[in-house]
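Just so it is clear, A, B and C label the chains in written order, and each chain counts residues from 1 on its own.
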Amino acid sequence: MMHPDRCFDADPQVRRVARELYDLTRSLPIVSPHGHVDPRLLATNEAFENPTALIVSPDHYVLRMLYARGVSLESLGVPRRDGAPVEHDPRAVWRLFARYYAVFRGTPTGMWLDHELHALFEVDAILDAASADRAYDAIAEKLASPEFRPRALFERFGIEVLATTDAASDTLEHHVAIQRSGWKGRVIPSFRPDAVFRLASRDWCDAVAAVAAASGRSIDSAEQLIVVLAERRAFFEGLGARATDHGVLEPFTEAVSPGDAERLFQRGCSGEATAADQRRWEGHLLMAMARLSIDDGLVMQLHAGAFRDHNEPVRALFGPDRGGDIPIATEFTRNLRSLLNAFGNDSRFTLILFTLDEATYSRELAPLAGHYPAVRLGAPWWFHDSVEGMLRFLERTTETAGIDKLAGFTDDTRAFCSIPARHDLARRVQANWLARLVSRHIIDTSDARQLALALAYELAKKSYGL
Amino acid sequence: MMHPDRCFDADPQVRRVARELYDLTRSLPIVSPHGHVDPRLLATNEAFENPTALIVSPDHYVLRMLYARGVSLESLGVPRRDGAPVEHDPRAVWRLFARYYAVFRGTPTGMWLDHELHALFEVDAILDAASADRAYDAIAEKLASPEFRPRALFERFGIEVLATTDAASDTLEHHVAIQRSGWKGRVIPSFRPDAVFRLASRDWCDAVAAVAAASGRSIDSAEQLIVVLAERRAFFEGLGARATDHGVLEPFTEAVSPGDAERLFQRGCSGEATAADQRRWEGHLLMAMARLSIDDGLVMQLHAGAFRDHNEPVRALFGPDRGGDIPIATEFTRNLRSLLNAFGNDSRFTLILFTLDEATYSRELAPLAGHYPAVRLGAPWWFHDSVEGMLRFLERTTETAGIDKLAGFTDDTRAFCSIPARHDLARRVQANWLARLVSRHIIDTSDARQLALALAYELAKKSYGL
Amino acid sequence: MMHPDRCFDADPQVRRVARELYDLTRSLPIVSPHGHVDPRLLATNEAFENPTALIVSPDHYVLRMLYARGVSLESLGVPRRDGAPVEHDPRAVWRLFARYYAVFRGTPTGMWLDHELHALFEVDAILDAASADRAYDAIAEKLASPEFRPRALFERFGIEVLATTDAASDTLEHHVAIQRSGWKGRVIPSFRPDAVFRLASRDWCDAVAAVAAASGRSIDSAEQLIVVLAERRAFFEGLGARATDHGVLEPFTEAVSPGDAERLFQRGCSGEATAADQRRWEGHLLMAMARLSIDDGLVMQLHAGAFRDHNEPVRALFGPDRGGDIPIATEFTRNLRSLLNAFGNDSRFTLILFTLDEATYSRELAPLAGHYPAVRLGAPWWFHDSVEGMLRFLERTTETAGIDKLAGFTDDTRAFCSIPARHDLARRVQANWLARLVSRHIIDTSDARQLALALAYELAKKSYGL
């Protein structure tokens, strides 16, 4: 069920080198500088509730694949916002999941799930309707044991550092709790102030108020907002944060004058802001965040191009993050020019770019990273975190940017138990890609060994200053 | 001339598995749910006129390749609209075709032609100037025999079902004739009302009038048009239709108010409609067609992104479909949102998307099909129906959408004798792609066997409800 | 350090065929129809100054990669426009270059540099900090010998013809000197009138004046400008030019009326031209250049989509061509329609298209070349002139356009000593790609041999009429 040579090319020469390189990296510690694990897990260290709550419910990769086959979210136990009844029996949800397990064949989600089921939980049969109950019971039994508590798993997974993603207004209580607990696991926050970017949203005023409340300050102007955000960044950094993160539809940046910034702020306050206002506001805040990064050293991550909540009926019934996010074509060259002209030549600044538009890999991102000192390329994101997706990313970026301008692998997951599966898959694909270069004598074996370590471990540490 | 292992990777392991998978599918019946064969062929069952009329003249894939080398369309016997003389001797055209045959090397058209010449017509030499006459005579002799009449070929090809593409105003007389003839071959129409979509075209009023005439009704409003289109769909369905098809430049959809729809209709009637009007009108009609699909169960196909008649001088002299259609960048995420929000969550609806813009495969189409229950992905279309094109499609869509959300293979051809060649090529590429997955232990052999059958046969039947 | 099988797939069958095909082409003369070598080199035939001046300073591929790692351009000896001091010791620059040499691993620049160092200059160690001085001395010694003068290298490289790229106002004095010198090397100019295209630039009037001065005529109107440009083209052609070249951000073309053209010209003269004016003006001049090509037979090259001088601070300090050019998404289908409708069906016209947007390969460029007789596809350009980049280009264009519609390889280099390295890499990749086709029985060995010669040599000669 888990072939030791999975993801390696059949060609005997490539496979031999791939195995050798993978053997160098498979047991390296896991550096996870960007992800969405709930820090509460590791603060409370309570046992996971049941196999469904662990593996199915928090993973919108899984939910969307089942939903796309006509499986209702109600039957998968996703709570409705109107309180209408949904499936409450985790075992019933698990059986449904198992019945549809074949839809994951050939997908990265399928490979991660196989890894979790067979390597972590030692389930001894392929999951399907027949094996569903047995698998459920086997996992449930393991979850009840101390070895499967979150902190024990964290250690068993060999996680050296795990970054979470947290709102600007977050109290970071769980991070505080973890650090006070005496447990040695390194769990750090990341500063994601998206809510105060969305000027035209109904929730913008509340978001600003929340940041104000968290900092014990009032915010009546664009300028004050930046001051308070700088304080919040310092608070995050005090708890170990190494990076900010920004999710925008379009990576537009602009040097907005102070007067215009204030006018935009006031339009947001009065609820009059348009989409065009928001675009400029976001362009302004990205500039401000880059400027702050030069002072406080936080690495800036930019995740651009996800059209969130594309499926409005699903959002209305079930809320966000249920699988209805669809990418759009994304433009970096013109959009980032203001920011890069202002800060991209500064050696104190690091900007890590993520895209869902693969057409930009060779056209825009690699040339940008291959010229601006500040720019690094984030791992292939979301839909592209897959065997073929990672190969395409490596093939299309490294010839122009150079391998050392990548930011290493980020798992970007909410699903705690998928972390080792994701890193393992990435290390396999990296090893196989390097083996292809070696077998074509484009690099030699000694270079390949160095680069395997870099891709699997060192570049992430270095890029995020960990 | 036709190596039994063509299209299979050289690697011995991949090749062994590819052969095994191909052996499972090579003799399966052909399901052809979308194409452009003239139903008259099978209604009259007359012998094909000559090799040129069969192989060269109806195939704009062939015409464009020769034209691109400076071969005039006149010398290829394409009739001019001004009646000026063109080559009338089919043998002379054939010789020209043969002289240029080397230009097809490494193209799918070349592989299909080889298949037709060598496998079907048993021509025993590579086509070139020297072998032209001998090949012509050999084919002509075969065409005169009863075994090469259209229906005999239909049966020999193992076609289980063949869908044609027909205007909304079509009387479907040939489909009626086929069904009355007592012949058992299943030839079904598809409903393609493109002419009534093109509001700004000079021919729009005539197109509406033709639909009205076909239905024996008058059409004086947008609302009536929809009613009559619903009747026409029912008429098509009565003759076996399973699908509609829509060719649009941009897949824009919008919920247009009834009042606006009427205003657009009236502007079309008065010849005042602009390109912007047409865009909204098309967005409105696509919504209306989706709504009707939920009632009558016809599968909706969308072919977006071909800039038709790019070469205006060629169109003016020779009419449409002479090879001058060029793709444009295409946007699905925002354009389809209205339609998918309204109907994409409905289990009664199937929308099959085709694109000429490969950048959308992983960026938009796979995420849409990997979330919305209604969406399936059509086979790689037109320029992308090729060895590398199919591999790129499979690699870029299946990791996100899952293999079972593909709609199987469609040959999309006007060239009747290329049907088995096209399906054979597709089955070879599918087998080889699956073999690559098996050899990398991403799927196992038993899964690969199931998926080979699905890709070659079952998914097309299932997606089109055949 | 230079494996004889580099770039060939590990698969024994593919490698065997790749070797055989490469052996056919490796020693063919070099045809270089497009590049940026300074003709002064070959006119004066002076020895190269030192290894740094030869290998590091003129190569913006090298400069951008080092700059992207935080190496200052000052420390690389790039002169500042404000005269501020920069490193003047070429050996110090060389040591810095050597220290960072590992960043080129897996990049085409690295492969070209290795070829230059080890094959041409017989440096016997991998370049790094330790070997820097030894390598510098070895190269410097060679450069002092007559065998390493430019003309001797030209002959040793086996260059059959080398085209330079020259402004419309250029006196071509070096070309004249070469031809008068009695030396037999064929060095020809190319006509690149970009400066008179940039209507909205501050330098436009000077550019027009320079062309006027070069021709000894006055230019007071758009019409006169075209007349003078026609004369300049004839002058270039008299010195052997076979092609024009046009660098535009967007390949927009439009049939502008004479009156509008004059108004645009006058706006340029008065310094009032906007970006929109320039767009139309460029569209008009491209049409005019195509029209002239039909008369004088010069092949038209179009290089579209480079956003020049993206890094304004670097441009302000160091001037253009320091690595800060970033591609943008590019549209050909609609933009080229006016030009292709007017001239694309004319057998006297050749238009060679280059792009930095790989998404257009299969979507727009191959369909255009696969239909219009005038269109050919230029080699993968700039960032895409790499192992994987060339493979992607070949895979995505040839199935639709046919192999014989490519324009062969162009090295496009300023770095004289990289010419054989670049052609060698291209011939290896071409051989390997053809070997993949042979091993899958898509073409046979005899076709592959012909096509290898075509790709390496004949297509360039034929496309440029050399």
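Rule of thumb we're sticking to: a contact is a pair of C-beta atoms (placed from the backbone, for glycine too) under 8 Å apart; a residue touches a chain by one contact, two chains touch by 3 or more.
Just so it is clear, the model here is predicted, and its values are computed rather than measured.
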Copies chain C and chain A - interface residue numbers shared by over half, same or different: different
Equivalent-chain rotation between chain C and chain B, CA atoms, steps of 5 degrees: 120
Separation of mean Cα positions, chain C and chain A [Å, integer]: 40
Residue list for chain B, restricted to those that touch at least two other chains: 11, 329, 359
Chain B-facing residues of chain A, complex: 3, 5-11, 64-65, 67-70, 102-108, 111, 307, 310-314, 323-329, 356-359, 383-384, 386-389
Footprint of chain B on chain C - complex, ascending: 11, 13-14, 329, 331, 333-334, 337, 340-341, 344-345, 347, 359, 362-364, 366-373, 375, 395-396, 398-405, 436-437, 439-443, 447, 451
